[in-house]
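In this document, chain identifiers A, B, C and D correspond to the written order of the chains, with residue numbering beginning at 1 in each.
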Amino acid sequence: MCRWNAYFGQPLLMEELLFKMDHGLIDQSLHAKMGVETTNGDGFGLGWYGEHGGRPCRYRSITPAWSNVNLRELAANVESPLFLAHIRATTGTPVQETNCHPFRHRNWLLVHNGVIHGFEQMRRELMLAIEPSLFGDVSGSTDSETLFYLALTFGLTDDPIAGLERAVGFVEATARSHGIEDPVQMTIGVSDGTRLWSVRYSSEHQSRTLFFSADVSALRELHPESERLQRLGDEARAVVSEPLGDLPGAWIEVPESTALIVQPGPDEQRRWV
Amino acid sequence: MCRWNAYFGQPLLMEELLFKMDHGLIDQSLHAKMGVETTNGDGFGLGWYGEHGGRPCRYRSITPAWSNVNLRELAANVESPLFLAHIRATTGTPVQETNCHPFRHRNWLLVHNGVIHGFEQMRRELMLAIEPSLFGDVSGSTDSETLFYLALTFGLTDDPIAGLERAVGFVEATARSHGIEDPVQMTIGVSDGTRLWSVRYSSEHQSRTLFFSADVSALRELHPESERLQRLGDEARAVVSEPLGDLPGAWIEVPESTALIVQPGPDEQRRWV
Amino acid sequence: MCRWNAYFGQPLLMEELLFKMDHGLIDQSLHAKMGVETTNGDGFGLGWYGEHGGRPCRYRSITPAWSNVNLRELAANVESPLFLAHIRATTGTPVQETNCHPFRHRNWLLVHNGVIHGFEQMRRELMLAIEPSLFGDVSGSTDSETLFYLALTFGLTDDPIAGLERAVGFVEATARSHGIEDPVQMTIGVSDGTRLWSVRYSSEHQSRTLFFSADVSALRELHPESERLQRLGDEARAVVSEPLGDLPGAWIEVPESTALIVQPGPDEQRRWV
Amino acid sequence: MCRWNAYFGQPLLMEELLFKMDHGLIDQSLHAKMGVETTNGDGFGLGWYGEHGGRPCRYRSITPAWSNVNLRELAANVESPLFLAHIRATTGTPVQETNCHPFRHRNWLLVHNGVIHGFEQMRRELMLAIEPSLFGDVSGSTDSETLFYLALTFGLTDDPIAGLERAVGFVEATARSHGIEDPVQMTIGVSDGTRLWSVRYSSEHQSRTLFFSADVSALRELHPESERLQRLGDEARAVVSEPLGDLPGAWIEVPESTALIVQPGPDEQRRWV
């Protein structure tokens, strides 16, 4: 159970979103307001695309984001048009880099805030359902990584929403056979370098929070002193676990059981089946 | 600004104090109640004496105490008659083992909760005042370690309270010459393997909290299920930054500007000059 | 591909074996002589039993053994009658604590020097063969840990040699079906706190080296200055990947395809089937 | 005692120099050929400038370079026209990020291979000679960092060679007063983002090795398969502790007691006084 932020738009110095916003993600690592855990200090990860997409670069570490000097250096020096950042609060699995998000497969990245309840009982069955050719790539031990590989198995790279729906459906069916109720709790961020898919869903329909920026003018208003934000085009969007700053109207909640697709041209919302 | 716990008495499995108490130190690393910071996740340290005193063993790490698997292992397997544990919330200096408490010199250990305000401005002067033969042993960059070496310089190993008083006096004098007000904020735990000295002091006389266990019968009552605690003799004492558990009367606050000496025979309180 | 040392006998300060011997294990982490790799700097682990056996304590870390200050502290302060130490040179799997040896199940410890060739291709099949009730305990991603859980599945806790033989047989059969030749290369150390089983085996019958101390008088002669060694009883044995020191006759090679059982009373050698 | 590599020229993906060359720096971290130590596994650091110079970005870590996944990621994704990389073999000071090179002051970076003999005895005196306004920035405990701050004190930012000469002279004078012979052993790399100064010097005139690339055509020849290298202009230079690859004539040794200045236009060599 964690927090994540994602950005899509013109190249932005990553620290603008991660460090310089009031209540930005790194601040949330110490003092989250809306989650089950107030501290997200069990490692973190950052994945970013270059201007031409392709395989994203990734930096993950087991120390808390708030004290990680290298994260601060990279965020202050790297511009990216599309990045996902994640801070972790483990639900029991070890604090190790391979358990830090984002998970990656070729040009795909995924971050997850939530949990699969009963994962320990189901782990073997869920892992067996992973496409054998992908099995060798599973390098950590989290529910989140297993969900990622299930979604890949069920077609994520062809249709991310459909792949995730099938993976979640498979987890829910497996849980039923174990007598586990309401197994899935999640907000998910996924990207291939061209679009950003975000999903808010839980089996019990009481999902972790997820917000997106109203439009870039709201972000500009939040930080009139930031020349960089003033230059951003209208395509720019941030998707975040918790609203940053206090500006009324700046952040819109992603509705329960909904997928949001941020992309060139008009964004899209889809009811999650 | 941190938290610390110390124990003096019959050999005790360290986890009894650190992990098994309600709101024990490791729990405080995630959720402190009484301090300025609620998260103390910038490393930790543990120093313990064997049954025959001598040079204590030390384990320090830069990861948060709550997720450190090795700490859990050691605490569950090592018994000690005298140990000091510290969880760190940095006031700006790097998160590295050499900045983690306890600091050690021969058979002496010291832990510190607090801060020297204006340390950056005074660092050079304070370090110059350290006895040259000790200078080479300074391996970190904290105000706390500098204070330890100043106290060693001013006689800590002969008389810990006097050595600390002189060191604090020197810091306060140096601060005055820089126009820095109320420079010292501290609770300190010190041991040589035979006694445990604890001090609560601040230049402004509004010091961080410090408590000690009323007597061992209180601890026994707190945890009637712990056979080990039931077997403890009446000498046993714990000194802690925040009370553990909710038992009324179990914990006594160390008064402002006071030193407490836990030792074989009657303990002692001294007004800090 | 790694190195390991084990000790069985009267309680010994661990540093006597790990740090104070010429060419001891920690020295081997920087400069091994006999192995495929000369540097074993990808983490390490140490597991030790108390005087009454039971669940052993474990310390594992991802930094090199030679520079790990905490390892030096523990080895200089903890006495144990039975311990296993391991330094790692990864064959590709991540450097994380869950991939460091010894692996542990209840009161059992296992260390492995070697490799399962073709492990990536076989990983899924090998993991599926693990007893489902044990599957959830697999927390790393190495061939060694998988081999440990296979051996547990095949009866290691009832008969370690038989359990290991069946596990190795299963791996070799799986390899044959994949067209992989000579899959297993290993020396293994196993203990339950009462005995120490050591095995030297490889599918190609050209196994990594393994030695045991001739008898304690040899060790005493090696280090006449060590009072501790002079006091050791005749039961004391060390088993090591590479001989320590230069004393002729001090170390006896475990023959190819052989298991050595160090135990109270006469030790035992068995031909590995 | 360490190894370092530096690059000056057209923007180059850092992995081209660090990972893809035969016997590149990361390979040297495991198997150096020419140094006193064959393993350089006590942390590493990388500093790089953007295309417009300014304050360089830095990534330092305490784990060995050869197994650091994040280093591999960054090197494979970041292009830079000027970067310095360093792998560390400690001469005794702690393995912590603040002891890893490059050291940085504003837009300046410095890496050092070598040692100040007798540093423990002289540390206090050398630190006292550091300009007081810079003293607070010293955050580690190495001889190298002290030398950097001495050079800054003695004018490095105005004239790097002169600043280093005076700093070294001061260390040598201090050593004489302590009866320490031949105190300084060094190769140094320094940059401000526009030039790259490299120095090979030792008090005994038997200095660690240092080489620079003959000209870029040699590098191109080394790796005809690298399109990136084929595109490099003739300004491109690499300066390295040990030659990379086996191409005869590709690398020229920097003479004893000599400074090399790589810059736009003709490079320059100066006799170190």
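FYI, contacts are C-beta pairs under 8 Å (C-beta built on N, C-alpha and C of every residue); 3 or more make two chains touch, one makes a residue touch a chain.
This is a predicted model, so every value here is computed, not measured.
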| item | value |
| --- | --- |
| Type of subunit B:subunit C copy interface by residue overlap (half), same or different | same |
| Chain pair equivalent in interface to A-C, over half of contacts matched, among B-C, B-D or A-D | B-D |
| Distance from the mean Cα position of subunit B to that of subunit A, given in whole angstrom | 40 |
| Per-residue overlap in subunit C, given as positions that touch at least 2 other chains | 69, 94, 97 |
| Graph class of chain-chain contacts, one of line, ring, star, complete, other | complete |
| Of all residues in subunit C, those that touch subunit D in their complex | 30-31, 38-39, 41-42, 62-64, 66-67, 69, 90, 94-95 |
| Complex interface listing, subunit A residues touching subunit D | 50, 57-61, 69-70, 73-74, 76-78, 97 |
| Subunit C residues touching subunit A - in the complex, by the definition given at the top | 93-94, 96-98, 120-121, 123-124, 127-128, 132, 135-136, 138-141 |
